[in-house]
Amino acid sequence: MSIAYDSRVAALLVVDPYNDFISEGGKVWDRLKAVAEANGCVPNMLQVLDAARRAGLRVFYALHRRYRPGDYETWQYIAPIQRAAWSSKVFAEGTWGGEIRGEFAPRSGDVVALEHWGSSGFANTDLDMLLKRHGIHQLIVIGLLAHTCVEATVRFAAELGYEVTVVKDATASVSAEQLQAAIEVNMPNYASTMVTTDEIVAILSGASSVNGAKRREVPGAQVTPPDQG
Amino acid sequence: MSIAYDSRVAALLVVDPYNDFISEGGKVWDRLKAVAEANGCVPNMLQVLDAARRAGLRVFYALHRRYRPGDYETWQYIAPIQRAAWSSKVFAEGTWGGEIRGEFAPRSGDVVALEHWGSSGFANTDLDMLLKRHGIHQLIVIGLLAHTCVEATVRFAAELGYEVTVVKDATASVSAEQLQAAIEVNMPNYASTMVTTDEIVAILSGASSVNGAKRREVPGAQVTPPDQG
Amino acid sequence: MSIAYDSRVAALLVVDPYNDFISEGGKVWDRLKAVAEANGCVPNMLQVLDAARRAGLRVFYALHRRYRPGDYETWQYIAPIQRAAWSSKVFAEGTWGGEIRGEFAPRSGDVVALEHWGSSGFANTDLDMLLKRHGIHQLIVIGLLAHTCVEATVRFAAELGYEVTVVKDATASVSAEQLQAAIEVNMPNYASTMVTTDEIVAILSGASSVNGAKRREVPGAQVTPPDQG
Amino acid sequence: MSIAYDSRVAALLVVDPYNDFISEGGKVWDRLKAVAEANGCVPNMLQVLDAARRAGLRVFYALHRRYRPGDYETWQYIAPIQRAAWSSKVFAEGTWGGEIRGEFAPRSGDVVALEHWGSSGFANTDLDMLLKRHGIHQLIVIGLLAHTCVEATVRFAAELGYEVTVVKDATASVSAEQLQAAIEVNMPNYASTMVTTDEIVAILSGASSVNGAKRREVPGAQVTPPDQG
């Protein structure tokens, strides 16, 4: 596999690693569990996250809106997936289910984009701008759900001009049919590279020795700390 | 079915009715033909278009980039679906395949958005702005391919705040699996209403008597012809 | 003046009514004070807000990013106005300066968009989507700074397809030249209507008797509370 | 001046070099001429264009909508600057005034974005996507009008995450006050660098010897010609 990831232009994008999705006791976990475990979703997500950190890739988070009372009551138009979020109150703000599962918690230097209201991490958020501010062009995407937030984020990324890699066993959906629609039917049209966790970890480990030692300087980059005001 | 369409806020959106897709002799038609004909795609699209025109709904067009030499040669990053368009030269500018099939040709008062480079009629185009300039909030979507341009446009529409109706037998994909992924798995999450051609024609015919006689004035609308400069 | 505002399609947009801007003791107030007081900025903003609420117009808020440590350290590219925000730590999260001045505090039913990183309330936020979800096409804009956040928001609003009214004495900048550049030179190209506080209050009071009694139903609007999940 | 431009991440963006703006006999030239000539606008634009080409920087074009009959008749909402374009029919399609002035005509390898309807070259176009597809993060901006299309494009560029350089004597407005509002009051908040033509030509000439010999390869860049389909 000829692709390589350079920490100057590549980043990891983690989609919705909320307790409600991927932790025992989460609101959706029971419905996801069979497909997620068959795909090795959570341990694979962790492996990719660790490999990306070791390779010096910056980690970005695309997170769904945490439900807050009053979010939808005044809307005149609403999409079915938003009506479902309103009804289920999934990822409710201030609850354990709306927290990121511990092992996936953002660290210093990670970048957490604004929460999104639909499925795409790019729609109505600052994700695109933050990626540009960091010089990023390539995204390795993990997380869930495969056919909603992951696929939407991958579709938007490709439309906006990013080069996308999807780790197909670091995601999950509720049904095998949904997972297959995302991984087999749709995402290969938008993601330049579809890999397994084993493949991406191998690539990133190799990349690490070349590029990962430190984040190299990019020509034109100019940010310096401001004077203290 | 309780939904109704008012010509003040609803419009028809026709996706990629190019000869290359839906006319005998088009570059992709042979690959689409079996699924399209089984779904009644082209005659159904025509029925919906006619019903929408009779109901006084404005018609918008979301069109894929017509291939032009030099389009991609300088790109550093490219999505698979764009590489395929580059290779196949589908919808080539200046060719019959890149023309809209005759029965679907835009008429005076229709609105043709700028061509898009990926799958979503909204990405990197003026479609969203043009819809707003016409006061539109609801979109009835027909056209193809179901799992690429139609689904992408539906996903973007919902993310951007539109209410979407998909006519599920006025679309097609190359394989039945692709069509099913779009119609059964994904679009129902984003489209508030999934209808057949028969259903939408019946609704629009009813709507026609109420709303279709003329496009009514909307409060706040202020456009008047400018002085001749 | 022939313009009218109908609560079905018009809303008030309040830009950055933070203590740091418009309250005695705020970080920027001392620099703004002379121009703001000469323009009657804060009392005029309050008059417009009250008149809009009485007329039944929904109130939206466009708010600048509240400064948080770590916001900019990792960026490779940064705009001067962002470097200044980094340096001044204006609107710091968790401080009084980063709170909305009391009289302008959002009420139930108001809509607060996600914070923005530059000057436009639309850039990299959910403001456009939230306006669409509420059926809004016309915006009455108040707040500050006139030549940065207000002008940027007005320019973006016009580009995105909204019809804009600016209340020219319900805003302020640091210098009279900046205020003039915004109000006299630039915003009249993008805002269909430039009014004084007295004018807009009169219009909204008249509008109130016609449209403001209650928010009327719009055809096609479909939101109903979901089942309790 | 410490800034440098590397052809891997920097590009020149030329705004609206239409005959109607900058050629003797153009519809707007007579109104622009005094300010443009005092600023050296057209010869300076040419010098910057030549220097950028010699330095190997890719050239992008942001162009205003060429007027076509039927463009605005159906709109419910319209901005003043669009009403003016409708009235003046500036840059009419198929006319000399709507052609790019000869010396500025795009060459092979240049990138011409879709036409925009307002003032920003980014709004409702593919400019942002095309810049990303070419790996561009820094923009040197020339063209006109200073306080409308140039300023709007600069504001949007900064909001979207680009680093901007404005060449302040390679632009013009109708009045000196408009030019000053753009160059002195507003654009320095969004453009990291404000330079003269002499300064940018000197910088690019220096850059040329380092970076301009050829467009160097960027890690991760993967575009290769497709198979002939």
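Worth a mention:
Order of writing sets the chain letters: A, B, C and D. Residues in each chain are counted from 1.
As a working rule, a contact is a pair of C-beta atoms (placed from the backbone, for glycine too) under 8 Å apart; a residue touches a chain by one contact, two chains touch by 3 or more.
This one's a predicted model, so the numbers in the text were calculated from it and none came from an experiment.
When the partners of chain A are compared with those of chain D, the chains appearing in both lists are B, C.
For the pair chain B and chain D, the distance between mean C-alpha positions equals 32 Å. With each centre defined as the average position of its C-alpha atoms, the distance from chain B to chain C rounds to 35 Å.
Annotation: 29 Å between the Cα-based centres of chain A and chain B. Touching two or more other chains at once are residues 76-78, 117, 123-124, 128-129, 132-133, 135, 137-138, 159-163, 192, 218, 220, 222 of chain C. Taken pairwise by the contact criterion, the protein chains are fully connected, each one touching every other. Across the complex, chain B meets chain D through its residues 58, 70, 72-78, 83-84, 86-89, 108-109, 111, 114-117, 123-126, 128-129, 132-135, 218, 220-223, 225-229. Taken together, the chain B residues at the contact with chain A in this complex read 76-81, 117-120, 123-124, 137-138, 147-148, 151-152, 155-156, 158-164, 177-178, 181, 185-186, 188-192. Of all residues in chain A, those touching chain D in their complex are 3-6, 8-10, 128-133, 135, 137-138, 159-163, 192, 211, 218-220, 222.
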